[in-house]
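In structure tokens below, several structures.
Look at the two complexes coming up: chain A is in both, with chain B in one and chain C in the other.
Presenting the complex of A and B:
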């Protein structure tokens, strides 16, 4: 499904060199539910950005569905993000002046999907996360858990092969967090490949496999 | 996609109504200034040039200053018309003033001594009776034709054919009344005119300057020198397009008659008058348009400013859009369309305001003049075109700035 081979990401802060990723190799199979666990500053967010094609590695190769993405142009990366990857962020990242349905519809608009098909897909995604009744609400009028459900609906509306979660329960209370994890498990049970980043061991326990990362290196 | 961008733009504008309106204000003022000023000038221009061309685009007006001791006769004019291929009619004109007496009132009239050709050259129309005929000239009959305004002023009616009017003690038979003239020139001054046979006026004025018995005062007319000779006449070209050829032929004929002295006469071409007029007003319109254009430009800078603010404010939104797969072009289009929508709404409001202002002008100033101030469609097109240009030109930089953002940096923006 996806494979990282000896990936480096190096930042320069003043004269200091920060190796956010220091030779990471990782493979995720189709249908897997992987948890990446590490303390803050361990490089797990950087890893997530590279996996999500929001950023590119300085060295090393990232194969997505068997194809190396390092030679992709900015526009091709945008297409990959749109068609193959669904992103769920810690801070939900919904657009405030749009309704929940419009937020969920957004990736389909950039894909050029027809209006009738868009309606169908939005209905399907919102129904899956149990938010169809709230479709015409704006993000500021629903709860945190519902926001994250909306964000998940937006991530799965394009039926991507890979679902990425960057601390998706980080801004939620533990009960709501568990509900969201239920949802992820459910989606995984339906065959979706999921990679979750977390620093919460109890969340990580619910995944199939856990990878620990520290100082830009995979430690276990 | 495009429809979605327009909807997003409208939503973004709606979210900041006051700010959007203030930004639009520059465009609204610019467009209003452009449309109102140019419409006013071009309406006034149209009125003036219409007036000039109603005097005849095919008209040449000739003044003889020095006849070299050989007074110009009617026969000379007939010869000129005959020799020329492009001149259809020539009418001698002399003017004089006279006092008309009707009942106990007296009226000061302008007397024009001329021939039947004058009627056709001027394109006049009759309300009553007939115009001067050749027989009137040949027989020196004391007949006159009144202008509509004159008949109305003296008699309070226009069916006065057959009545006699005393001019400086001499009785004239009224044979016709011209139709009412509408236009800027006639409404500008009192226009009490009477037309008499050229020969009759010539004789009356020469008698006046010779004998002094009559009260008629010769004024620049056909016979101010005492000796009878034509000093002023109108010539009409067969076709308005031929006016320059007619002028050339007339010049040649007159040079022949006046011993080659170019300064002995002058020819005024109505066509060149209206051309001059048009070029003056065009320059005026261009100047006002340029001033309005500058205010539109300033409005455009305001739009660029607010779009830059908008891009910064919505950095996170841009990051989100990029994360879900928006390409550069999509982001560019989104912000470009937003700038364009602001500009075009401003433009539409400006055009509406212009319509209101022009309406008010028509109700106040326009009510007592014959000129109506209307939209000139060209300027509306120019305004829309210019607003579009400004929206694109000043929206491009902010839109491009938004499109070039790195998704990670944009998402992290607080």
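Presenting the complex of A and C:
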């Protein structure tokens, strides 16, 4: 489903050259649940940005569904993100003055989905994460685990082919973190392709395959 | 009745009719853009751009060039520059605004002192004058306000997304950079059009005050936006009437009315909190 071939991402800090990604090659098949593990500064967030089409590689090729994305314009990348990728962030990124259901509905509003279809999709997404009963609550009146469930519902509401998680359990206690991982496992069991980035080995163990990254290189 | 009589008396003067039309349209645009700018913490962009506007108007006057033909491209360019500096530059947003703002003001004052001297024109640029408005300003204000309204209606959800969470907006496929550029461009045009009426030192109040006042009472983006537009229009009309009746400077009168509205809204929100507590 997605494949990185010899990908480099290089930043310049003063006179120094920092290779955030140093020849990374990686393939993820459809329906796979991959964990990318690495310490802080290892290049995993850069990798996540490239996999999520939020950034492009300086060298190398990234194939998404068999098509190289490095020659895509910013608007084409935006279309890919909107139609094919769902993001879950560490800090939930929910809007405080809106209800859980309204937050989940946002990506559908951005793409101009009709109201009747929006209601159906929001119901489906919130039911999948077990939050339908809490749909009218605001983010400040639910727990951290429920916030992340809402963020996951928002990520899957557009039915993306790829779900990307950037440290999705990073702001949660270990018990809630494992509950969230349980949810990711359920979503994967329903056929969704998931790539999670984490520094926590115990979280990564819950995925089907683990890739270790260090100093911008895949080491195992 | 007295108020209506005053209004009908005002409308017998062409320059006041122009001031009312341009002012209402510029106030509407400034308040709509202001909500996004304040929430994105770009409030001072209006202030910075108005100083750039002063600099460019001073240069245009000194060389006898058409004021709008010079200031529109210069202020638009400054808006893009400020945006880029805030996003990518080593200089942070507030420092970049202060840098450009002070430099533009200094250039303006320097050019003026070496050419025409600190005359009435310069005073008008700094503190505003409703006499400065032309028929061309009326046409430009109509075009600008139509542009802002159309963009707000058709791109409401996208502007909302970019305003509240740019990272997530980008992740969901919204070209955040494009919408930031559109906001900067419209702000620049609003500033240039409103500047000669309100003055370079006061125009940013039309961007900031209505949004801040509305945020005391409304919590939702749509409600804040609509409330800001209404507050801005009402304050403008009251400020203009006060200026006409009491012979006070128009820009300063409008800002003071906005300050009063802000204080009243703040007091209401505190009362609500006390009752709720």
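The rule is short, and it goes like this: the second predicted complex is superposed on the first by the 220 of 220 C-alpha atoms of A that agree within 3 Å, B and C clash if a C-alpha of one lies under 4 Å from a C-alpha of the other, contacts with A are read in each partner's own complex, and residues count from 1 in each chain.
We take it that a contact is a pair of C-beta atoms (placed from the backbone, for glycine too) under 8 Å apart; a residue touches a chain by one contact, two chains touch by 3 or more.
This is a predicted model, so every value here is computed, not measured.
Novice: Looking at the overlay on chain A, is there a clash between chain B and chain C, or do the two fit?
Specialist: They clash: once the shared chain is superposed, the two partners overlap in space.
Novice: What is the contact status of A:54 with respect to chain B (first) and chain C (second): first, second, both, or neither?
Specialist: The answer is both, since A:54 touches chain B and chain C.
Novice: Is A:33 in contact with chain B, with chain C, with both, or with neither (first, second, both, neither)?
Specialist: In the superposition, A:33 contacts neither chain B nor chain C.
Novice: Under the stated touch criterion, which partner chain does A:78 make contact with: chain B (first), chain C (second), both, or neither?
Specialist: A:78 sits against chain B and chain C alike.
Novice: Determine, under the contact definition given at the top, whether A:95 touches first (chain B), second (chain C), both, or neither.
Specialist: both
Novice: In the superposed arrangement, does A:62 touch chain B (first), chain C (second), both or neither?
Specialist: In the superposed model, A:62 contacts neither chain B nor chain C.
Novice: Which segment, 8-16, 62-70 or 116-124, is the chain C region that clashes with chain B in the superposed model?
Specialist: 8-16
Novice: Do chain B and chain C touch any of the same residues on chain A, and if so, which?
Specialist: Chain A residues touching both partners: 52, 54, 74-75, 78-79, 81-83, 87, 89, 93, 95, 97-98, 106-107, 109-111.
Novice: What does chain A use to touch chain C in their complex?
Specialist: 52, 54, 74-75, 78-83, 85, 87, 89, 93, 95, 97-98, 106-107, 109-111
Novice: Would you tell me which residues of chain B are touching chain A in their complex?
Specialist: Contact set of chain B toward chain A: 1, 4, 11-12, 15, 316-317, 319-328, 330, 407-408, 411.
Novice: Touching residues of chain C toward chain A in the complex: what are they?
Specialist: Counting only chain C, the residues touching chain A are 157-158, 161, 164-165, 167-175, 177, 219-221.
Novice: Can you name the residues of chain A that touch chain B in the complex?
Specialist: For chain A paired with chain B, touching residues are 49, 52, 54-55, 74-75, 78-79, 81-83, 87, 89, 93-95, 97-98, 106-107, 109-112, 154, 158.
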